[in-house]
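Here it is, the structure, as C-alpha cells.
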Amino acid sequence: MRFLRRFQRGELRLTRIEAFSDGVFAIVVTLLVLELRVPELHDHAGVSELAHQLLGLLPKFLSWLISFVIVCKFWLNHHHLLGLARHANYAMVWLNSIFLMFQSFVPFPTAMIGEYPTNPLAVTGFGVVMAFNTLLFIALQAYILRNLLKPELVGTQDPYLNRKSFVGVVSYLIGAAAAWFSVHVAFVLYMLTPLFFIVPPASQAGKAASASREA
Amino acid sequence: MRFLRRFQRGELRLTRIEAFSDGVFAIVVTLLVLELRVPELHDHAGVSELAHQLLGLLPKFLSWLISFVIVCKFWLNHHHLLGLARHANYAMVWLNSIFLMFQSFVPFPTAMIGEYPTNPLAVTGFGVVMAFNTLLFIALQAYILRNLLKPELVGTQDPYLNRKSFVGVVSYLIGAAAAWFSVHVAFVLYMLTPLFFIVPPASQAGKAASASREA
Amino acid sequence: MRFLRRFQRGELRLTRIEAFSDGVFAIVVTLLVLELRVPELHDHAGVSELAHQLLGLLPKFLSWLISFVIVCKFWLNHHHLLGLARHANYAMVWLNSIFLMFQSFVPFPTAMIGEYPTNPLAVTGFGVVMAFNTLLFIALQAYILRNLLKPELVGTQDPYLNRKSFVGVVSYLIGAAAAWFSVHVAFVLYMLTPLFFIVPPASQAGKAASASREA
Amino acid sequence: MRFLRRFQRGELRLTRIEAFSDGVFAIVVTLLVLELRVPELHDHAGVSELAHQLLGLLPKFLSWLISFVIVCKFWLNHHHLLGLARHANYAMVWLNSIFLMFQSFVPFPTAMIGEYPTNPLAVTGFGVVMAFNTLLFIALQAYILRNLLKPELVGTQDPYLNRKSFVGVVSYLIGAAAAWFSVHVAFVLYMLTPLFFIVPPASQAGKAASASREA
C-alpha cells in the first residue's frame, strides 16, 4: 500500500524524540501522585482521625508505588532500546507515539485500583493495560531491531529477545486472571512482573558495551 | 511600522525553542488523560456497576484517543518544520508561541466532546479549534519557508505546500458543520483528518534526505 | 558574610539550568488551561445552554490569554538573558530558582481574575504578582550583567537596561491601582504591558549579533 | 546474588537521566501551586471576603514556599552530584529513580501541612518524608562517590561528606519530633534545614573547579 510505504521515509535524529518521550515519562510518573488527595478531617487538629484516614489511603500509596516502578522500568528499557537505533523513521515515530499514548494512560488504571482495590474488574483492568503496554513496547522493539539497528550492532542482540519479552505480557495477564479469585495474588504478581526486565537485556558480544556507551 | 520591524531581529538557536515546544507538547498529551476520572461506585467491589460506568466513559476514551493522535501529528510536523529553519528570529518565536498556546488549549474542547458527545455545539467547537490550530501551524510554516529556510534547501520544498495544508482546515470545518446534522459523521471526520499529514511532506529533490538527517 | 560568599562559588554549565527552566515555563503555560473547566449542563445536548455557559467563561479565556502571553514574554527574555552569561554560579542559580518559583505561581492570580474579574482585590493582586515577577527578573538580569557577562559582550549592553526594565513594574502597578476605579482599565493595562519587552533589548554594537547567535 | 550483580552492568550516558530528572523536578515544583485553590466567594466582588479568605490560605502559601526551596535545593545538589559521575550504571539509574519517586511525593505532605498546619501528625509527616528524601539522596551520593567517580576527581571529594549530609536528616527529624510540642518550632526547623546544603559542598582541591565546569 502506498499509504503505508510513506512511513518508511524520514531519517530523524533521535534527540527530539527522546526529549518528547522523556517529557511524557516524567509527567506520567509525577501525575501519579495527584491521586493521593489529602483526606478531609472534621477536626483539623485531630491526630487519630488523620492517622485513620491515612491508613485508608494505603491502597493508593501501594498502587502509586507499583505504577511508579513499572513506568521507570519502561523508561529505562526505552532508553536502552533507542540507543540501538541508528536513526528514526516515521513508522518508528508513530509506534513510539502510540506506546507513549498508553504510558500516559497509566494514571487511570492506577487510580482505579487505588480507589477500588477489592473490585476484581478494576484489578483485572490494571493488568490488562500493563500487558497491552508491554505489547506496544515489544512492537517498537521488534521494529527497531529488524529495521533500524545500528550496523555495528548487527549480530550482538539476543535473537530470542522479542519472544522472551512476552514473559511480561503473560505475567500481567495471569495477574489479571488471578484478580477474580484473589486480588492479593494479583497485586503481588503486578509487583513482581517489572523485575523481569528491571535492567535491559545484555548484548551477546563485547561490542555491546561500546554501543550502550554511545546510547 | 517600527514596532513590527523589531520582530525580524534576533538569530536564536533552535535548541531551547524545541525544548520549550517539546515540553508543551508532552504536557498537553499527558494532561489529556486527567479528564478520565475514576467513576464513583456505591458498591466499591461491584463488578457490573464498574463495567457499566466504564462503558459510559467510552466517549471520553474516544476523544482522548483522537486528540492524542492529532497532537502527536502536530508534534511530528513541527519537528520536521523546525528542521528546515536555519535559525529563529523573534517573529518566528512568537508565531511558535501562539501556535503552542492553542495546542495547550486542546484539552478543553477534548473534555467538552468527551463530556457532551451528543451536543452539536460542543462537537462543532472541537472542529473549529482544530481548524484554527491548523491555520496557526500554516502561518508558522509559511513564515519559515519564506524567511528562514536553510540556504541548501532552497528549491527543494513543494511550492504548493501551504495551499495543500489547507486541506486539513477545510476537513475540520466540514466536520464542524456536519456536527449539526450528525455528530457521528463529525467524529469520523475528526478521526480521518490527521491522516492527511500523518507524515510530513517529502521534499522535491534528493537534497531533502540530508536535510532531515540534520533536522 | 561567609554564608553569602559561598554563593559566588560554582561554575555551572547553563544547559541543565535551561532545561529545568524550560520545563517550568512549559508546565506553567500548559497548566493555565486547567482552570478552563467544562461547564455542567442540565441538558447534555442543549446548545443554547452550552453557548450561554461558554460566554460566562469569557473572563477565564481572557485571563488565560493574558497570562500565556506574559509567561511567553518572560521565557523569551529569560532565553536571551541566559545567552549573555558565560556560566552560572550558585547565586545566579538561586536568583533563577526564586524567579521560577513566582513564575510557577502565575496560575493562581490568573485563576483568581478569571473567577472574580469584577473583584478589585483580585484584579489588583494579579498586577502586584506580575510586578513582583518583573522585579525578580530584573534582579536576575542585574546580577548576570554585573557578574557573569561573557567577556566578548562587555560594553555592548545598554547601560540603562535595568532602569528601563522598571517600566514594566510601574505599568503593572498602575494597572493594580486602576483596578480600584475600573477593572476594565486594569485588564487593558495588563494586556499592554508585555508589549514593552515583547522582544529582548537589542545590543548596542555589532558584536551583539554574533553573541545571540551563540546564545 | 546474580540478580543484584546485573545492576552493575550498563554504561549509560548521563544526558537522558538528567533530562528525565529535570522533567520530574520541574513538574514537582510547578504542581505544588495546584494546591493553592481560588477560594469560593458568596459575593464575587466582595473585597473584604476575598481578603479574609486569602489570609486563611497563608499556611498553604508558606508550605508551598518551604517545599519549593527544598526541592530546588535537591535539584541543585543533584545537578552537582551527577556532574561527578563518569557515567551511569543500572544500580545508579534505579537509586536515582527511587529518589525521584519520593521527590514526586513531596506535593502530598506539602498539601497536608498546608491544609492542617495545626495537626501534629501532619506536621510530623512532612519532616519524616523530607528526612527520608535526604536519606535517598545520600544513598545515591554514596553510590556515585564510591563506584562512579570521574577518575580525575579521585581524592578531591570531602571524605566525610556522606556523614555530614546526615545533618539534614537529623534536623528534619528534630523538626518532626518538635511538632508534638509546637508546630511553630517544626515549621521554623523545616525552613532552616535546606540552608545546610543550600549550595553543594566545595571540593578539597583545585581540580574541583575544572570538574564542575564540565559538570
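As written, the chains take the letters A, B, C and D, and residue 1 is the first residue of each chain.
Throughout what follows, contacts are C-beta pairs under 8 Å (C-beta built on N, C-alpha and C of every residue); 3 or more make two chains touch, one makes a residue touch a chain.
What you see is a predicted model; the values in this text were computed from it and never measured.
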item	value
Each chain counted as touching subunit A and subunit C at once	B, D
Chain located farthest away, centre of subunit D as origin (C-alpha)	B
Type of subunit C:subunit D copy interface by residue overlap (half), same or different	different
Rounded Å distance, subunit B centre to subunit C centre (Cα mean)	25
Subunit B and subunit D, separation of their C-alpha mean positions in angstrom	36
Multi-partner residues of subunit B (each touching 2 or more other chains)	19, 22-23, 26-27, 31, 34
Interface residues, subunit D side, partner subunit C - complex	18-19, 22-23, 25-27, 29-34, 36, 38, 41, 44-47, 50-51, 54, 65, 68-69, 72, 75-76, 79, 198-200, 202, 209, 212-215
Subunit B-facing residues of subunit A, complex	6-7, 9-13, 16, 19-20, 22-24, 26-28, 31, 34, 87, 90, 93-94, 97, 100-101, 104-105, 107-108, 111-112, 115-116, 118-122, 125
